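When the chains are written out, they are named A, B, C and D in that same order, and each has its own residue count from 1.
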Amino acid sequence: MTCILETRSLNKEFGAVIAAKDLNVQINKGEVVGVIGSNGAGKTTFINMVTGYLKPTRGEILFNGKSIMGHSPRAITRAGMARSFQVAQLFPEMTVLDNLIVALAAAESARPSFLSPLRSDARIARAEEILKEFGVENYRDSLVTAVPQGARKLVDIAMALIGNPQMLLLDEPTSGVSMDEKTGLMDTVMNAVRQHGVTVLFVEHDMDVVERYVSRVLAFYSGEIIADGEPAAVLADQQVRDLVTGHRPTTKQGNGAS
Amino acid sequence: MTSLLAVLIDGSIYASWLFLVAAGLTVIYGVMRILNMAHGSFYAIGAYSAASLVGWYFNNGMGPAWVSYLLLVGAALVAGLIVGVIVERGLLRLMYGRDEILMVIITYALLLILEDGMKIVWGVSPYFAYQPYSELGRTSLGLLKVSNYDVALVGVSALLGLGLWAWLERTNQGKVLRAVIHDREIAVAMGVNVKLMFTITFVLGTTLGALAGALTAPAISVVPGIGIEVIVLAFAVVVIGGLGSIGGAAVGALLVGLSRAAAVHYAPEFELFVIYGVMSLVLAFRPEGLFGRTLVRKI
Amino acid sequence: MRLDKTEISLGLVALACVLFGFVSPGWLIFLLTIALAKALVVQGVVMQMRSGLVSFGQGLFYCIGGYTVGMGGQFFGIHDAIAALSLGMFVAIVIAMLLGLLLTRYREIFFAMLSLAFSMILFGILVKSQELGSTDGFNVHDWTLFGWAPEAGAGSQHTVFTMTVVAGLIVAVLLHRYTKAGVGVICEAVRENEVRVEYLGLSPRWLLYGNYVAAAAVSALGGGLTALATGHVDPEMAYWTTSGEFVFIALLGGLGHVAAPFIAAIVFSFVRTYAIEFVPHTWQMILGFTLLAVIIFLPKGLWSLVSREKTGERA
Amino acid sequence: MKNNKSKFSKYLVSGVAALALAAGAAGSASAAENGKFRVGIVTFLSGPAAGPFGVPSANAAKVLVDELNKGNLPAPYDKVGINGLEIEAVVIDEAGGATKQVEEYRNLVQRQKVDAVIGYVSSGDCLAIAPVAEELKTFTIAYDCGTPRLFADNPDAAYMFRTGLDASVDNIGAVRYLAATRPDVTRLAGIQQNYSWGQDSWADFTAAASALMPEAEVVEEQFPKIYQGQYGAEISALSVKRPEVVHSSFWGGDMEALVLQANARGLLEDATGLLTCGEASFATYKDQAPNGMIIGARGPFGQFAPDNELNTWFEGVYQNAYDLEPVYPATKMAQAILGLKYAAENAGVGDKEIASAEQLAAAMKGATFESVSGTVEMARANGHQAMQGITYGEYHYEDGVASIKNAVSFAGECVTPPEGVAAADWIADGFPGAQCN
């Protein structure tokens, strides 16, 4: 197995607050990794650093064996690592279809054209396929602000996948989505991901969701990784139970330690 | 040596005036996120109010001269208060939540209205209130003669700056205000009456603007258009210092004031470019201004 | 080249304008010429507004366009109007390519203030240039069109008017396409969510840069045409209040359609000229109230009067 | 209904609406020919130039037009209105820049159908208007702007006239006054607003000074931004150079602020101020200007206007109407209106007829007419530019009354370059052909 993403002693300090402390992570190609941890444990900071949004204080990040330290988010995206967001990052004054079309155009070229129309027939057709794949074709012409949270999350993830990334980082894909929708959403996403053969790392509060999809779990606490391994082993870990999952064997009635 | 001394003195005097003009602007921006184009008009209204009141005082039976200083300040406070409340309650309140740039345009419209409004009230003839200025006399430092009023202005400006700082840092109201500056959403969540804070801030800002005008009035001829001239100056000072920062405005004012004085004495041909040059340089190296906070959007 | 309905309508309105020019009085032709030429500058402001940036210094390029046309004729023997206008656009593009490198790092109020500062620096330089007439500026005359010199007076006025309408039409058609093309749409995307654009692997700075340079060229064209029409240029063109007027007109029209700035500029000119005639002492107040009324009652500009019913379909 | 509205018609509607609006506006123009003599009056009604120049001028125009329409003027202007026709003045604000002024000028001529235009304080506006006046063939009098370029750049001007003096006269006169009253002065300094007016004034003044006062040197020059209002640093810079005379072409609020601040800081006690536009604020200095400060009025205007019958009458009606003495811009406006009246009544047309622009121009060209400032000869720039003398004097304020002392006048031939000679060349050559009394 080859390692796609590796971090070496990654540190991030915001003044006196330590948001990441000596993070050493190795993700292999094809893995589906879940990241758990309470709010403020440093999960999003980790994703932000890896995708170039935040500059680490110290450490090293390697993607496909090459350092991507100091690269911009767009360079890292172009290199093949995409992400989704806790709060879906869409273009609020555009329709769902247009959001996808912009993403399609971006995937085709980093230098958009000045005069040929963005909404070409080919892009519209492709966008419609994607809408179907993610089951949001009903919202084709709605403004994204008028679309339910779950669909918005799906569009957000679809836009990340349009660039055919090798690796996808999902930041709380199910946050803000009702309990009933979660599984459907995750099934849609994971189907798409498997079709593209993408390595996935996702942050999730819901332990059910985590157990259902991942092959490996990283548990964050206060900027450090306190456990790393098979889901069952990590969730059974006493420290994880003390600090992260809060003694709930599996969360049937709540949504984790959020 | 004399000219170096002159640069320091002239620079500080000019800086203190710039700070007076810019303080209200930066307070309003810090709390309300409104870059107030009409700030210059409040300055002009303060100047007109003070000049007409003081002029009237001296033209009708000379009372003691010290009263005129109270009249200067009083006129500014009353004018700032009235105009501030009318504008905030009558116009801006309808507009909160709009785009930051749109608020700039709204205040630009306000500027156009106020400029002609002042013409209706005060006409176009000059108003003078020179008595408070000449009354204080001057101090000779060799060839250099300095107006005592100008020196006093440096003190007033410094006191005002300290007062604002103390109010923000040391009082409960100031703490609430800082909370609003820091994060409006959290402040609302904590139960801060943001609407009230907005009114207080805006009226404070307009009063500061009017006060700057009133304190300047004795040294100038109060004529139409004086407000327009100070807007860009005040903007530049505030942007250099970092929008919303009182300390930044003070440092920005000093920087511009001293650079300008130095240019006048040593390189007069660059005087016209000083303020924009300083602003471009500062922003090139510190895009948020000297004391501006870099905000990374949470995602 | 296939023309869509909008483009055909624009062409017809332009044709109507040119024909109207033959029957309308001189003052009206002049007013429309200036309004349309300024509308081109406003197009530059609107292009940037679409990308979320408000330029309080578009007068910079307006002035560059005007001065290049004037200086071309005065000092460099470039009397052909088309050549002079092109040169103006070229100079604007070169300067925009330089300034854009710095300016595209800034957003919101900082962009506004820095663009204002650059414009004011040009103003300062021109005020200092006594050989260019300092604040008095200089006259622009003796221009030709493909070697043909229109007769002074009504003839030349009419020629400038036609040139302005044609230039307006070309710019309108190009912009109509531009706003639907890659850079145009993605610039709007930058305004709506810059982070997302970055995470699509695009450079918001590059997009804004391209947009800034294109806007500069369009604005310079407007400046050049204004210089030909008025026959005079002065540094006031770069003063911040001039740029403020362009922002005013841009908001008046709204971002809804490529025709909006043209309509707004014409309405603005009429409001102003009649305000000056009927209330010479308080015409600025009239403008102020007009602007407030538009912001309060027509938040999307005058264009929303024309396109009330559109919501789902986007231009 | 809304849905039926096709996209196409929408665009057409908006285009046609704009044109219809325009056409409607065009229709209103025909109301103009109403048997009155219509004069466009353009001067600053807003902005910093309104107070010192624009409003006194507009006031002068208003009172003079009213009195003319009543036929109340002394001879030779006792005919009602202009050539027996009632005068209708259309007053326009000069603020807003040259482009806007060109637009408004065209509106005046083509929409408002005025028969003549009088106006323009700003030199930039004058320069922009001059070619348009020729294009539209409209009789136009520049009443105040001072740029020498007006006729230098437009040598073939046929319809443009100027009844005020060229600005180089101000500064040649100022140096002559210094040479006459303070020949021993050696240290000159200047403070000018940083724009054409200030730059040109200082260039003329220093050139004339080096010709007429070769012993004098320039020790300091300052060019603050126009409308700056605060001159602390500039006053320091001037003070430390110990000048004997400080020349300034400041005007309006800037000038008043400068006098106030320079006086309070002792500069005007140690040095004599020389303000070429100083008379415009004659009534406002009170005790804030030192006695002995030299002021000018850009010609024989305002306080320096002679005690002739016309001027006494004009001062009387102006004082009656506004409770103020007329300052120089007011006198200059009156002079322009009288010039127009002279031209219209000597154009060779019958009573109550309106002369054409060509007839007006022919009558004005090279004319000599009586004015509130004495006799005006249109003796320069092919008969388009007035030539008159200039007077300077010292400001004095005692017991609440301001007055002029030590006034010295210089004849027109003494301060005006001969026909066809540029002021700069004339000064550089040492004033050949100057006739001084």
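Throughout what follows, contacts are C-beta pairs under 8 Å (C-beta built on N, C-alpha and C of every residue); 3 or more make two chains touch, one makes a residue touch a chain.
Remember, predicted model here, so these are calculated numbers, not experimental data.
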Identity of the chain that, by mean CA position, is farthest from chain A: D
Chain whose averaged C-alpha position falls nearest the assembly-wide average: C
Length of the line joining the C-alpha centres of chain A and chain B, rounded to whole Å: 48
Rounded Å distance, chain C centre to chain D centre (Cα mean): 34
Whole-Å gap separating chain A and chain D, where each centre is the average of the chain's CA atoms: 73
Separation of chain B from chain D, taking each centre as the mean of its C-alpha atoms, in whole Å: 35
Of all residues in chain A, the ones touching two or more other chains: 53, 89
Per-residue overlap in chain B, given as positions that touch at least 2 other chains: 115-116, 119, 228, 269, 272, 299
Residue numbers of chain C (touch at least two other chains): 127-128, 195, 281, 283-284
Complex contact set, residues of chain C against chain B: 54, 102, 105-106, 108-110, 112-114, 116-118, 120-121, 124, 127-128, 195, 240-241, 244, 247-248, 251, 281-285, 287-289, 291-292, 295-296
Residue ranges of chain D touching chain C (in the complex, touch as defined): 2-3, 5, 7-8, 10-16, 18-19, 21-23, 25-26, 29, 45-46, 90-93, 97-99, 102-104, 106-107, 109-112, 123-124, 127-128, 130-132, 134-136, 147, 149, 153, 194-197, 199
Touching residues on chain D, where the partner in the complex is chain B: 45-48, 50-52, 54-55, 194, 221-225, 227-230, 232-234, 236-237, 239-240, 242, 252-257, 260-261, 263-267, 281, 284, 286, 288
Touching residues (chain side chain B, partner chain C) in the complex: 35, 91, 94-95, 100-102, 104-106, 108-113, 115-117, 119-120, 228, 232, 235-236, 239, 243, 269, 272-273, 276-277, 279-280, 283-284, 287-289, 297, 299
Chain D contact footprint on chain C (complex, rising order): 5-6, 8-10, 12-13, 16-17, 20, 24-28, 30-32, 34, 127-128, 130, 133-139, 141, 152-153, 157, 226, 230-232, 234, 236-237, 239, 242, 259, 263, 266-267, 269-270, 273-274, 276-277, 280-281, 283-284, 306-309
